[in-house]
């Protein structure tokens, strides 16, 4: 464990560059009116963390309530509101924007050698929309909450609850536009702003993954927007489109909802996969095994992702033939994920591996995402879906992919690019500890839920039969550990802002263009437009560069 | 790569007002045609004719008014993508509704 | 560990972008004007894609319910006036034409022509909304707005209703008549969303007329006009589909 | 022992004695589904083990200490093909196997006993053909295929019996169905698994599987005096359905005898199988389901009959082998509460229609 690739400049002489995007302008307004993608990424990071901890606190409440079989901590009504808000905040205000809006925003222009995203003002607008939506969601929670579940299933959401469905819907609608604008911005940037020499197949896989996710954002999100508009109209004036008593079909809502919300899980996971491609290459000093396969598997996930949505409705009375088709397509969409996992594994082969924190999170991701992905196949298979759907199995599956996969990837990315964003290193030992604690806590929390699901414990239950208690106690205990695992990074990362070691340009000896400029970067990213004259992940090129540098200095 | 070339390909091709006028005329003719067709009893072909005419109208608006005919491959691909996903949404959803009545479950 | 030599090195080989004359409207992060225009146009197309999908949900709903409740859709579509519908189509197509001409004027730097075209587009757009208001007003008077005040009278007693009588409607059975509400829900949702897009477009047009008079778009930087043109044509295309779907294809009872 | 606090000790004891790891396999389809489930678990474990083994061994073999200089490898088409095709093949096996089970669960056998289940916020109401009502519980005999016809009165619910490995949504406005055959006596959990509002977690109940003898006993004990079809008959008369659906030569509605399960020609063209869903639809939305040769004059009963009422009517029509009972209802307002059986004797078909008291017939 002692070997490391970290090479920091001499701490006694090193200074954070005087001119960088953070110091360029001062004052709150210079942040609130900025067009700089890096500053917007920081704004996103701060607000995302805020929403993550609200969502996390709600998750804590859920786990506490489920410690005992009875509804003793809170009434069922409160419990319903708590898990609904947990879902809404975590899905729409954390997972969807997490990696794209922070790391993607910060890094895509840097990685492709551009000065900024193509539409800086739209980028800022998208942050404002995000914050407006988020605050509206918080306001909703403060003024009575909403208890429809994050899926807003009709006719429950239209006729049978009298909580704040409208404001929550509006919050999601607004957040949807934020996500559309982010995705649109990425696509335009990746198409039009690449620096000379940056061909499609020289782009880092992080950019490919974001490109795929952006396609989903742009094409999927508007469909959920119209579904929410129709729900709002149904609630306010009673149009009958989803109302069975007026001849509407409530399943149509689910079709429209899942047309977005299934691709949405790929919006969440694809950028995470992008992060993993970067870290695994850097820490094994090797080009990603099968670069093209990984790149195309991202696009394949995006394309197939649009054709599998009805697997959320297998038992809901859709046509059995449709079940066949959607189940088959679901099997197809599972394959690109398997391809990615194996390619990452073989990237390690004959590498020169070190185990810094981002790499530990990466291993966590690979293990947990493999489990999450494989259990997804259980649910995509129409037969077993009957038994497993709507139980804790699906909760566990979803959290393995989203928390075990996406959040691990997010933390891997945050640690990996922290030196680039702030110019300072995070403390290595304690962060390795945090990574291990997170991994252990996560498994304790969510693995028992697979068993609970197989036993048949339904999701969204405030109380449950007593024989499920043991596993629920395990889960709650694990959640406590997990909570510590998430608090630690907040503390030491904040600490490192002032006391961290100076990182220098390229502490990891990584090859991406973002590492070839100063940290934190200039507002214009590069002193001059860079030229990409080598393939992605070309460590020999990096060696040559270093030799040249030494030679020229000498 | 090709993008640099694309950029130059998409260099402003200014569509002449004559083309616009012809397109405008065609749109008017098609509008008259579709209104007229709706008064004729054609059975199943009534909606088909109406949709077909609407598609033609939309196509010429996209090609000429929106300059797609003179635009880069990327724009054409974008239009195609939109159309594809739109049809996927409608087609796959309708597939469920149509096949619900099949067989006895 | 100074700044990476890759940058310094590559800067020498970079094409001489920096020495060109930069127009004022070129934003700092673009290399040149073409890149900026290209990016903006592409972004606009992507935005239109999201709009396509937005309306896609409504079209899906329309197709499903039209197949389920065809007699209700027939009777309900008889309540729409083809005359107003056709006139509106005419107005919107004309406004599309004037908008296209406006783009041409901007490209060929004809300031007064551009202003004229934009004003015409503006007026035609207002005209469209005016007619839509007339139609909506009629629906409100007849209680054809879905919701608590919805009235089935026109469909249960077609003789009491002028439009239904003219179309020779037979009374619908009660259960089918109730489904006319679904038609009108979709009618208002679809035309309402379309009208909302028109209103936004007209607001932007107003702003553009003001700017065009100042000559902002006739100095070579036409991206904004072009992109707005794309938006306006898109709104036109939506109507090109709405018109036959809502007004025309359900005129005949036996399909 | 002294070191363990009594509370924790109590917990441990409770855990040891009341701790489930796998649900009972109490239906015919359960072992079949579990076979697939175990197959998938096996595949997953093998897959996971491969990944973990590879990652750990690579980490050990190629750590920086042991392997200071990485060897650059572009990739391998052969390997890519391997890990594309093998998972795809396995997934396709799961797909086919799963689809077989899916169709098995949702295709009831012809001889299944039908029980209607109505879901509403927040209870399950079961209607047995014999007229027994149950709330939040379901008594069934062992070894007999049971078909459930589900409908919801308000929002989506989901009828889930983990021990049977079956689950089906009860949706508003449409019948869905599922079937199972219990293979173990005992009491099993019934859950509503689709989130349905405030008391979602209280919408639970028991599935009680009884031996045939116990079941008979239970049927006799919990009878409400009238069978479901008899309830339907009473409703049929009180709604004056018999005014049109009778056997008189000038009847305005089609005869309903033996209509269930037959192919009907519709006035809109095409034929339709008269199943539960069709019967329900033609009561609530008659104009879309007019039998050929009849005018669309039937009024809708939407809002006038509860879902239980519709179920009773459907059950009545289902069991109508002749028009005898219908004609009987025309003759007397006083229905026999001690009606002998579920259905009328088949001899009724030959009975000539008797003059109906005009007062009974509306319009």
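Letters A, B, C and D mark the chains as written, and numbering starts fresh at 1 in each.
Definition applied: a residue touches a chain if its C-beta (ideal position, glycine included) is under 8 Å from a C-beta of that chain, and two chains touch if they have at least 3 such contacts.
Since the model is a prediction, treat every value here as computed from it, not as a measurement.
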Task: Could you name the chain whose Cα mean is nearest to the mean of all protein Cα atoms here?
output: A
Of A-B and A-C, whichever chain pair has more C-beta contact pairs: A-C
Statement: Between chain A and chain C, the Cα-mean centres are separated in Å by 34
Task: Express in whole angstrom the distance between the two chain centres, defined as the mean CA positions of chain A and chain D.
output: 38
Query: Where the centres are mean C-alpha positions, what is the separation of chain C from chain D, in Å?
result: 46
- prompt: Considering chain A alone, which of its residues make contact with at least two other chains?
  reply: 191-192, 219, 223, 247, 249, 252, 255, 259, 320
Field: For chain C, residues contacting two or more additional chains
entry: 35, 38, 42, 46, 49, 52-53, 56-57, 60, 64, 69, 178
- prompt: Where does chain D touch two or more other chains at once, residue-wise?
  reply: 106, 285, 302
- line: chain B residues touching chain C in their complex are 7-8, 10-12, 14-17, 20-21, 23-24, 27-28, 31, 34-35, 37-39, 41, 43-44, 46-47, 50-51, 53-54, 57-58, 61-62, 64-66, 72, 74-75, 78-79, 81-83, 85-86, 89-90, 93-94, 97
Query: Considering the complex alone, what residue numbers of chain C touch chain D?
result: 69, 71, 172-176, 178
- prompt: In the complex formed with chain D, which residues of chain A make contact?
  reply: 2-5, 71, 76-77, 79-80, 147, 149, 151, 153, 155-156, 159-161, 244-245, 247, 249-251, 284-287, 289-293, 314-317, 320, 323-324, 327-328, 331-332, 334-335, 338-339, 341-343, 345-346, 348-355, 363, 366-367, 370-371, 374-375, 377-378, 381-387, 389-391, 451, 454-456, 458-470, 473, 539-540
Statement: Interface with chain C, chain A side, in the complex: residues 9, 114-120, 122, 180, 184-185, 187-189, 191-193, 196, 218-223, 225-227, 229-230, 233, 237-241, 246-249, 252, 255-256, 259, 504-506, 515-518, 524, 526-531, 533, 545, 548-549, 552
- prompt: Hey, which residues of chain D end up touching chain C in the complex?
  reply: 284-288, 296-300, 302
